[in-house]
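Next come two complexes, and both contain chain A; in the first it sits with chain B, in the second with chain C.
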Partner chain A sequence: MMEGKSGKRSFSGFIEELSGASFVASIASILVGLLVGYLVLLSTNPSNAAQAFKALLRSGIADRRSMGQVLYFATPVMMTGLSVSFGNKTGLFNIGASGQFIVGAYVAILVGVRLTAVPGQFRWVIALLMAMFAGGIWGALPGVLKSLRNVNEVISCIMMNYIGMYTVNFLITKTVFDPLKNQSLRVPTEANVPKMGMDLVFRVGNQTSSANGGIFIAVGVAVLAHIILERTKFGFELKACGFNKDAAKYAGINERKCIVASMAIAGAMSGLGGALLYLAGSGKGIDVIDVMAQEGFNGIPVALLALNNPIGAVFSSLFISYLNVGGFNMQLYNFAPQVIEIIISIIIYFSAFSLVLKTWIRNLVSKKNKSRVVE
Partner chain B sequence: MSVIYFLVQQTMFFSIPLLIVALGGLFSERSGVVNIALEGIMVIGAFAGILFISLVQPALPGQPVLILAIVLSMLVGGIVSIAHAYAAIHMKADQVISGTAINMFAPAFAIYTARMIRTVQQIPFVNQFRIPSVPILGKMPILGQLFFTNTYITTFIGFGILALSWVLLYKTKFGLRLRACGEHPQAAESVGINVYKMRYIGVAISGMLAGLGGLVYVIPTSTNFNATVSGYGFLALAVLIFGQWKPLGVLASAFFFGLLKAVSSTYSGFEFLRALGLPGYTYKIMPYLVTLLALTFTSKNTQGPKSAGVPYDKSSS
Partner chain C sequence: MGDPLSHCASYCRWPMETIVEMSQITKRFAGITACDSIDLDLRKGEIHALLGENGAGKSTLMGVLFGMHQPDEGVIKINGAPVKISSPSDATRHGIGMVHQHFKLVHNFTVLENIVLGDESTKNGFLVMKEAREKVLAISQKYGLMIDPDSEVSSITVGMQQRTEILKMLYRDNDVLIFDEPTAVLTPQEITELMKIMRGLAHEGKAILFISHKLNEIKEVSNRCTIIRKGKKIGTVDTFNTTPQSLSEMMVGRKVSFDVIKAPPNPGQVVLEVEGLSVASRLTGKNLVEDASFVVKEGEIVCIAGIEGNGQSDLINAITGLGAIDSGSIKINGHEVSNLGIRSRSYEGMAHIPEDRQKHGLVMDFNLAYNLVLQRYYESGFQKAGFLNYKKIREYASALIEKFDIRCANGPATIAREMSGGNQQKAIIAREVDRKPKLLVAVQPTRGLDVGAIENIHEQLVEERDKGAAILLVSLELDEVMSISDRILVMFEGKIVAEADPQKITYQQLGLYMSSSGSAQGAG
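This part shows the complex of A and B:
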């Protein structure tokens, strides 16, 4: 009961935060982004543009299978988005989500494939916990370096991304390698995250979607992160460090502890994201190629669109995933799906103007009700 | 000895783009604007340059095409960076946000455009820009072999930019003003410096150099541009920080990293390294691991430009 109550409270808090100027600013940037996207389509191929744009906007809710795909694609970026948000809230730019993500993914696969002594219905839980642990370590290390040796977290995170990618590729070939596909082995069905009924809801006839219980876990983590940040002393300390380091220090907050803890939590979130993707039961393995996991970098736009609010990250990842499903279906009309990334980048760009827009909107509103006292 | 020559030449291929792009980042951050869009601008610059090369290559000879492509890459990089400058300076935006937007926009735009005009996203080009031996200089003993054979004009352009940057930053009024804007913009404004203008110039220089750096990175390492510069923009950011925001520091760290990267791609040519029998993986992580270690020992007193990343508001000062 308690949990449900605070979850509800946090949600209404989020709506309060969004309503008003920043909400209007966000909607405005989304509209501008979509408009630019439509113009791009129109300039490439005017005759198909309208239909393609319709496919883009509607595919995500066209049928229950597509809706399931939206949930499936949203899960990993929701986690990396939460990870980046959490770092940002505490004044740290976690650009290392990619490395933390892939390290978590590898550990989850290793446990899922090799820990056969534990039955599947318990193994996935262990896999997720171990992935969080591994991702947490990968995130905590830049935190330790920053707090003890003043190493800029952006550069150490970038290095950790590369080290993580190469290390995982190397370890896959040594432990869980499928040489035919040049990727990691797939986790056996029974050790995947349970479907929790999602496969029954999100399907069209025999065509199931890849939706699974992972989305509940991701949303649960988002609620938890919100509670930690907004309702606990620990969260308050973390935010204080991010807001004003010196003031936090003056108030007796241990800044070093905050940095390490925040990075470790952010890393654990990304690591869990990696586990949730490769334990989703969609038959995915980690490809052994020297390319970094994009899910980590895609967490940055998710966090930015969410204004670094954990609950906001749930919605922004669903929104981005929704557009991506639309972009996939748009290929029917011979358009490259990259137009989606163009749209998202424009939305993000204009959301950067929100500060100026917000002031502008506030001035407009305050002129109208001069008599109203601002709280 | 020939292995050493090869190693030095390889080092150049990795170091020069890092040097150019990190110097670009230096101008931006020294003026007070953090530019994490370097990666995206590199992609856009390389895209413009390579597309141009692949289109006019059949009609024009080697080096002039390269020169024109360089100008084009710099121009396009400069234009894209203005979008970042506008958000960061006039709109007082969080500079990470507009930088991320450009990083996302650039590869998407490159792939979309390439696929729409050519149906495939890769853009092939013929590398006819390698200079087997520079006239006269290439004949010098040892030095000729090291620096003037199997090279590109872009290598010399890179060193030229380095020299120019150093002079510009430390020996001219412009450099002093630019640095003042990154340290204490209020003080700069109070003595009549136009902070907005200086920051626009700083970001525009970073855009031009990043655009150029993208092209310089792609030409010797590939024959097929696939809308990526493999994270070199982010590495350049690391080189900038490691080089403590100073041109010579950037030079040292770019070559430090480039050398490690070259070793990791040529280690099999060294008898004594082969004899160790380490897996290739060891050499792959070496550049990143060693950089991380080096940072732990050198970062204690690192301090970037004081006001980098902080929007400057004329009215509030």
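This part shows the complex of A and C:
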């Protein structure tokens, strides 16, 4: 019928068309999100709304220091976003990023503070690797349960979040506790992730930002994840399992191994995210309170906005971080932090409509193609 | 049944009043014209068959009538008045009902709940089932549609599910009933039952549109038949005056041989050896396969015949590695494989055309190229040091698409889900056959396909046999069993009850083995 002509349409052309629709949809939904966010601002405090909205939009690029802060805040959510994306690509919903994140963070701090036998410039590398290992185990456990006993990973991941949070709180008080601040001890400066020149670029006068080499590591991981998923045999197997477990099994792929491997990699990514945040040299420590690490959950909208694409996660995490930096500055205009959180959530929420918009755009395109055929 | 005069009588008794008239219907999808100026008229009290190959446009045409697609051109008239049908609920309002090939039932609802779903009678916001129940029971009595209104759909047979679908249409007082390939999922007994029901419905003045590509059924049950080929109407004929041969010629556009042409088999070494194989049900502990022993040699087609659900699937799962075994041994090329994984069996030269092509055969969201290398992506050439070679994969896929005439909109980049069922099956067969298997396990490879495609698949199987492959075929179609196999094994209640030579056994004898205990071992 029609295979002759269109059969020649190139593979890359197809990919381009697809990503084009996705890109346009993401941008359009972000615009819609911003618009709705502005309307909410107007409704809460009309007199300051315009200025606050300007702050929200402009603070992130107001000066180099702010830009650095955007990079600093983006790093951990980029990692958890990658973690959630990676799980989704293989058909698993990794809602356990929070637990993996905090476990990784704790191990990194422990190594950074206590492994004084190793000089600082090597210690951070060991800390990151150990954090990945710990996060990987935290992720792999639900994977093992799923592959052996078909335990729903969502349930076991949520449980692992609580176990992770309480265990880390307990272990901090036993090993690296700062009772004055009720948080973990500070990692010595030399054991932090090197600045890699970021402190020189992103600063205003003497005021440095918290930007550091961690962002390079996170972007590197995103590229690596993309290569694994799109270019390798291993990624092919993971995706086959994700789309259709039965067909993967039929093709001789060990689907149990795939589930465990995918969860372990996702866990390692979250764990690395935890390490990158607490070894950033910003003086932040883990507070010993019964609240789960929000960075883990923020990975979910990052993945959602990125349509589970690892490269997309880089941009969506930057976007969310940008909003956070802007939101911080909105406090100048008498907006309560809670209202700012609401605004940011609304923007993210509406931005997630990109999937709906994508389908809509593709339908529009196909309709246009159809009318062309009719002519 | 089968007496042409009986349905002619019912056909002639009713006035030839046209109820639906579709004229010059054209429907285009991006790039394809699925229906090209098709005319169709449907009369009260007739069974009108719609015949065509997979992808010929039958389902699209019916989709237009049922409001699922909007025609780009053309008019639909119902009882002489032009109507616009923009949704299935519109169609229902105009008295048009449809039984889809894949039933649209809610599995954890009862039969009765499914029938009233969407058309519930309520009182003060509460459901009133009593009247509905009476109406349903009255209809089921009138048309002989045996159902149990309080059974959950998940626990009833496919035949009863279909009757539930038919009752759904009748409950809404539909006069035009569309059946989309209703026999594809039924056992022979259920097919006979369905034909009886359809005749009864026509007798009561309902107009029935019957989509099928099974010529015998069309010949048996329909009054008239409209043939569609590649989106164009070829003609409408009185079924009574035509032969299956001429119907198939009109459908495919060339002469189709119903007999498989093949040389006598030339069996060589034993490839597959199954010895005392038993598989127990994990739920009941009952043996689904019991003490099965047989061999398949190079260059022969061994067919497992039997009525669905007699352990064929469990036997095949055990051989291919999809399921576990409880006792016995399975050897491929003399190597014990019963404890090995699927990949290892693949290495031994086993290929498998699975029963459920969408569940096992394809990753529906992968593109065609990925699906075509699903069993080979790990071979050197397609990957190097863990990295896939996309250029090679694409080239290979394009070659297979060409060689096996797989019709797809975007070549190797076509997503499998967007392909027609027949072409999905072609893709699976291309993938499995091209691996040059020593053992080819094919489970109902022609199910749901049209005669042209079936002929093609049979040719492929015979060709593989002649190249020296050992072929184990599972089929529920007696015609297929008799025409293609070199040896027949009959399965009944998990046991292999007979081994027969297709040259020497009759349909009747084979039917007896399939339905009764194997009192006579080794006939032929």
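Following the convention adopted for this analysis, the second predicted complex is superposed on the first by the 321 of 375 C-alpha atoms of A that agree within 3 Å, B and C clash if a C-alpha of one lies under 4 Å from a C-alpha of the other, contacts with A are read in each partner's own complex, and residues count from 1 in each chain.
One rule holds in what follows: contacts are C-beta pairs under 8 Å (C-beta built on N, C-alpha and C of every residue); 3 or more make two chains touch, one makes a residue touch a chain.
The structure displayed is predicted, hence computed values, not measured ones.
Of the two partner chains, chain C is the only one touched by A:243; chain B is not. In the superposed model, A:251 makes contact with chain C only, not with chain B.
Look at A:175: by the touch rule set out above, it reaches neither chain B nor chain C. In the superposed three-chain model, the partner touching more residues of chain A is B, compared with the other of chain B and chain C. Of the two partner chains placed around the shared chain by superposition, neither chain B nor chain C is touched by A:183. No residue of chain A is contacted both by chain B in one complex and by chain C in the other. Chain contact summary for the complex, chain C toward chain A: residues 28-33, 55, 72, 230-231, 320, 322, 341-346, 352, 354, 359-366, 369-370, 374-375, 377-378, 383, 386-388, 390, 394, 401, 407-413. Taken in their complex, chain A has these residues touching chain B: 40, 44, 93, 95, 145, 149-152, 154-156, 158-163, 166-167, 169-170, 290, 292, 297, 300-301, 304, 336, 338-342, 344-346, 348-349, 351-353, 355-356. Residue ranges on chain B touching chain A, taken from their complex, read 36, 83, 87, 91-94, 96-98, 100-105, 107-109, 111-112, 115-116, 121, 231, 234-235, 237-238, 241-242, 279, 281, 284-285, 287-289, 291-292, 295-297, 299-302, 304.
For chain A in complex with chain C, the touching residues are 1-3, 5-11, 14, 231-234, 236, 239-240, 243-244, 246-254, 366, 369-370, 373-374.
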